[in-house]
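First subunit A sits with subunit B, and in the next complex the same chain sits with subunit C.
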Partner chain A sequence: MATQNTRALARFMMAPSVILLLVWMIVPLSMTLWFSFQNYNLLNPGNVSFAGLFNYQYFYSDPAFFQSIWNTLVIVGGVLLITVIGGIGIALLLDQPIFGQGIVRILVISPFFVMPPVAALVWKNMIMHPSYGVFADISRLFGFRPVDWFAQYPLLSIVIIVAWQWLPFATLILLTALQSLDSEQKEAAEMDGASAFSRFIYLTLPHLARAITVVILIQTIFLLGVYAEILVTTNGGPGYASTNLAFLIYRTALLGYDVGGASAGGIIAVILANIVAIFLMRAVGKNLDR
Partner chain B sequence: MGSITLNKVSKSFGEAKVIPSIDLEIVDGEFVVFVGPSGCGKSTLLRLIAGLEDVSGGKIMIDGKDVTDNAPAQRGLAMVFQSYALYPHMSVRNNIAFPLKMAKVDKAAIDQKVTDAARVLNLTDYLERRPSQLSGGQRQRVAIGRAIVREPSAFLFDEPLSNLDAALRGTMRLEITQLHHQLKTTMVYVTHDQVEAMTMADKIVVLNRGNIEQVGSPLDLYSRPRNIFVAGFIGSPKMNLIEDDYARSKGAKTVGIRPEHFTLSRDSGLWSGTVKVAEHLGSDTFLHLDVDGIGHINARCDGEFGARHGDRIFLTPNETKLHRFNEQGLAI
Partner chain C sequence: MARVVTRQHKVIATIAAWLVAFLIFFPILYTIITSLKTEPEAIAGFSLIPSGTFENYITVQTRNDYIRPFMNSVILAVGSTILALIIAIPAAWAMAFSPTKRTKDVLMWMLSTKMMPAVAVLVPIYLMFRDFGLLDTHIGLTVMLTLINLPIVVWMLYTYFREIPGEILEAARMDGAGLWQEIVYVLTPMAVPGIASTLLLNIILAWNESFWTIRLTTTTAAPLTAFIASFSSPQGLFWAKLSAASTMAIAPILILGWFSQKQLVRGLTFGAVK
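Let's look at the complex of A and B:
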């Protein structure tokens, strides 16, 4: 297969798509980098000048900056925790032969097909609303005062909504991994006297390691940029309590009209994403090469 | 200790009755082979003994204790699977140690037993490797090692050699037989290969469609098959089954003659035929003959008998070694 000839041909054939992707990535990145060093405000678009590191300094000194980074990490970490643990649990249940398996599986997958703003609106107005949400009804049923989720626990509310959306994805990936577990291995472990719990720890979990890694990596990419759910529910508040980095950039760019500042924020977000990526690849990446 | 008794054991999957009813006695220390064509229920029977399937009826006793409702681990049996079923993320050492770890044996004792098992099975140099880094035969030995360390009352083998190449199969066959002589533990072995059955077994159980056709020692089955099925299944090349005037002249519906029970000659004999194919193995030659008035016959002759395709030869069946079967296919 891999003769000199075929390799050269392969490179040649791949070139158009590689170049397209490269341009697609390089152009926005370099433009963002360029704007991040400019004084460029849409309220005063005629007056564009070189700003040096001012934009970075400005963004860094924003009181919301560190909180938004922290919030970003809480959202990523919280959602990953819920979806991985919950996903394993649901996948284990769905792997059992049950009546109406097909229907149940479709129902479990369905949240993934709901668009983020719609899902967030449903949660905001029908589930978590303090006066006519389902949670409020349940609280009242037991005689408790309804919780005003978005005022009292804004970040937790966002985490719950996003976790609900990503749980099906994790479940789906983990379920397929679970189904590829060799049944003779399970039986061998059973013969070896392993209890259901030991079988899970020593056999199922190691088998799922690679799928869990995939879930974590893919979800992290998307969770770093959670935006729509925040916009339609808390709008980043109260204060900056539920503002993450993506939302802070949106605020700077489209509410403050500060293109330069937002670009600097964007570059910081890219750097943060890379730090997280390096950290993740070190922690779980070794599961991928087996 | 490892006697196994099956008492009217039956198994059905939904409507399909895989095993109608089986009674079988396995004596302590015996090497028993279940053999039969694919789909005859031999693996199912083994899994019933192991406890991996629930019986639909009947009782299973191990050492006189009724274990029908016991979980697999409580039966004190160890099983070697067709796919070896090694744990891929564990080293060979941990694979072998796993059942002991589950039984909460203390660490020093585990190390001792794993080392011993590895020495017996020539795995000492591979203890730190993963199963994926081993060859088929080595994986097989790890699977056996995992079974040995538990010191079970009986070993169950589910077609353990079918994933190996022919040469390795021969070696492993020998190793398992030697292991049996060494451990003297009961072994129950499932295979569809009658050569494995003949070479390894103390007792062969021939199964067909969930029924036991015959139980006996290899030579028993070879020289005194109870019916046509056993006669045709045991022995390689297959026994010739002849139904015609010749059979009637011997007072039977069917007459069976093993390929080795012919006298072949170039100039005279009872029957004459043409050689279709001659397979020269060196020590023996297998002849596929087209015999006039009878049809296809397998014959086995000396390696020196230089028959070739198209040769005319004469053959005479050895009348003292005939097997005669009646209308129901049973031996007379």
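Let's look at the complex of A and C:
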């Protein structure tokens, strides 16, 4: 039939999206790459010169760099651990027949819709505040001294806040996957006398494997860039104790005015994200073939 | 016997599930409760019963002009979503109904643009915005949010459009429907639910975007994310007022979110989990 025409029309229809995303991907990223090889400070914009690999060396030799990489990994790892294990547990619970399932689901999913600055400020002031927070009230009730969370455990505090935001996401996706598990299979395993534990290990967990992979990969993409939560709670401190790579780049760029250094950091962030992205693309791509 | 066990099981599971749900929801609940307290009440220790004052909501408006960031959030979230839909609908349509060998690659490539860390392009974007006078403007930020969410919009629409059976089109054609009739009477009714879900999810994502909205705005175009983030040091705004501002910032999107939870899974996993 009119395949020639159809094909031309299809191309025409796709063009705006493709061109926009192409420009969006190529222009800023190549600028970052370019800046990363320049000596360029916003306080001295007239004096731009080629820097070679100096910015990378500088960023690399900054003691904050390794700490920020470590903090990034702790945030990603810690949040993943809490959300995946917690998410499986809660999903299994919500998959049971319970009264008021709809309302329970709504309550559990809610933190995901809370914008990051609100989530962080609510936890900082209402929950974790050393004198007025709920945790402090609980500590006093049991006769303990309240913990000053953001001073004593800044990174852990951020992990807790971010985990609270992402736990609903993991739960919801794992619950969706659980509900697609064939109930006949479950019954058959039960008939054969498989214990609840072995049913979980040999039946449920393999069935969830895909969903768990997707949860881990998608969360990692977002968790590598945690920003607002740090900004409004610890501002990266004390010292660099809660500065992740994203926050360090922001600090270098907009507080230190060092365009070259921040760009070198940006390129490092891209490389980190790409490693994750490759795995995610595979997981999602497989689904397209079905 | 099995009956009894099931009944007991259900009661125990219900209690456990409600307990977990309460704990997870507690920070939000406590914020809402605190927003109805007076300032001295708010710091007087744990209490779930507020005196029920609405004063904080009024104060936040009179002292901090709450309406402006709220309207900015609405403009940016709705504007960027509609713009993204206008650009994405034809693309998703073409990929779903006349796919080529390349379609999958194009989709994967679009997804890959979503993986770029925002900080990596902070410097060039910031400089470009500064040089073109786009900092703190609605138009600049709307375009930014459109670009960020465009891949998700294309993907979501694609997964919905793909489920519209192509045979229906052929049947309509057999019955002598013209292209226009085909679009109006056959395709649009089938596509609307997918477009609506995409719209909803993307308003949520744009509303909560907290990197560019904070960094590229100061006052004029600052949405609620930037407004709330400016209270990171508690001067001027205390517990009860902060709670009132927070409650107002999350309430609309919380309610939208509850309606869209099914689409959420699909949209955020790029169709990998349904």
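By definition in this document, the second predicted complex is superposed on the first by the 255 of 290 C-alpha atoms of A that agree within 3 Å, B and C clash if a C-alpha of one lies under 4 Å from a C-alpha of the other, contacts with A are read in each partner's own complex, and residues count from 1 in each chain.
We adopt the following convention: a contact is a pair of C-beta atoms (placed from the backbone, for glycine too) under 8 Å apart; a residue touches a chain by one contact, two chains touch by 3 or more.
Fair warning: this is a prediction, and the values are worked out from it, not measured in the lab.
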| item | value |
| --- | --- |
| Subunit C versus subunit B on the shared subunit A, clash or fit after superposition | fit |
| Which superposed partner A:Ala264 touches (first subunit B, second subunit C, both, neither) | neither |
| Partner chain in contact with A:Val134 - subunit B first, subunit C second, else both or neither | second |
| First, second, both or neither for A:Leu223, with subunit B first and subunit C second | neither |
| Which superposed partner A:Ala170 touches (first subunit B, second subunit C, both, neither) | neither |
| First, second, both or neither for A:Trp123, with subunit B first and subunit C second | second |
| Partner chain(s) touched by A:Leu203 [first = subunit B, second = subunit C, both, neither] | first |
| Touched partner set for A:Leu80, first subunit B, second subunit C, both or neither | neither |
| Which of subunit B and subunit C A:Met191 touches, first, second, both or neither | first |
| Subunit A as apex of subunit B and subunit C, Cα-centre angle in degrees (nearest 10) | 80 |
| More subunit A residues in contact - subunit B or subunit C | C |
| Nearest-approach distance, in Å, of subunit C Cα atoms to those of subunit B in the combined model | 5 |
| Subunit C contact footprint on subunit A (complex, rising order) | 6-7, 9-11, 13-14, 16-18, 20-21, 24-25, 27-29, 31-32, 35, 90, 93-94, 96-101, 103-119, 121-123, 125-127, 131-132, 134, 137-138, 164, 167-169, 172-173, 176-177, 180, 210-211, 214, 218, 221, 224-225, 227-228, 231-233, 235, 245-246, 249-250, 253-254, 259, 262-263, 265-267, 269-270, 272-274, 276-277, 280-281, 283-285, 287-288 |
| Residue ranges of subunit A touching subunit B (in the complex, touch as defined) | 182, 184-185, 187-195, 198, 202-203, 206-207, 209 |
| Residue numbers on subunit B that touch subunit A, as the complex places them | 50, 52, 71-73, 77-79, 81-83, 85-90, 98-99, 102-103, 146, 150 |
| In the complex, subunit C residues that touch subunit A | 6, 9-10, 13-14, 16-18, 20-22, 24-25, 27-28, 30-31, 34, 42-43, 45-46, 87-88, 90-91, 93-95, 97-98, 100, 104, 106-128, 147, 150-151, 154, 204, 207-208, 210-211, 214-215, 224-225, 228-229, 231-232, 234, 239, 242-243, 246, 249-250, 253-254, 256-258, 261, 264-265, 268-274 |
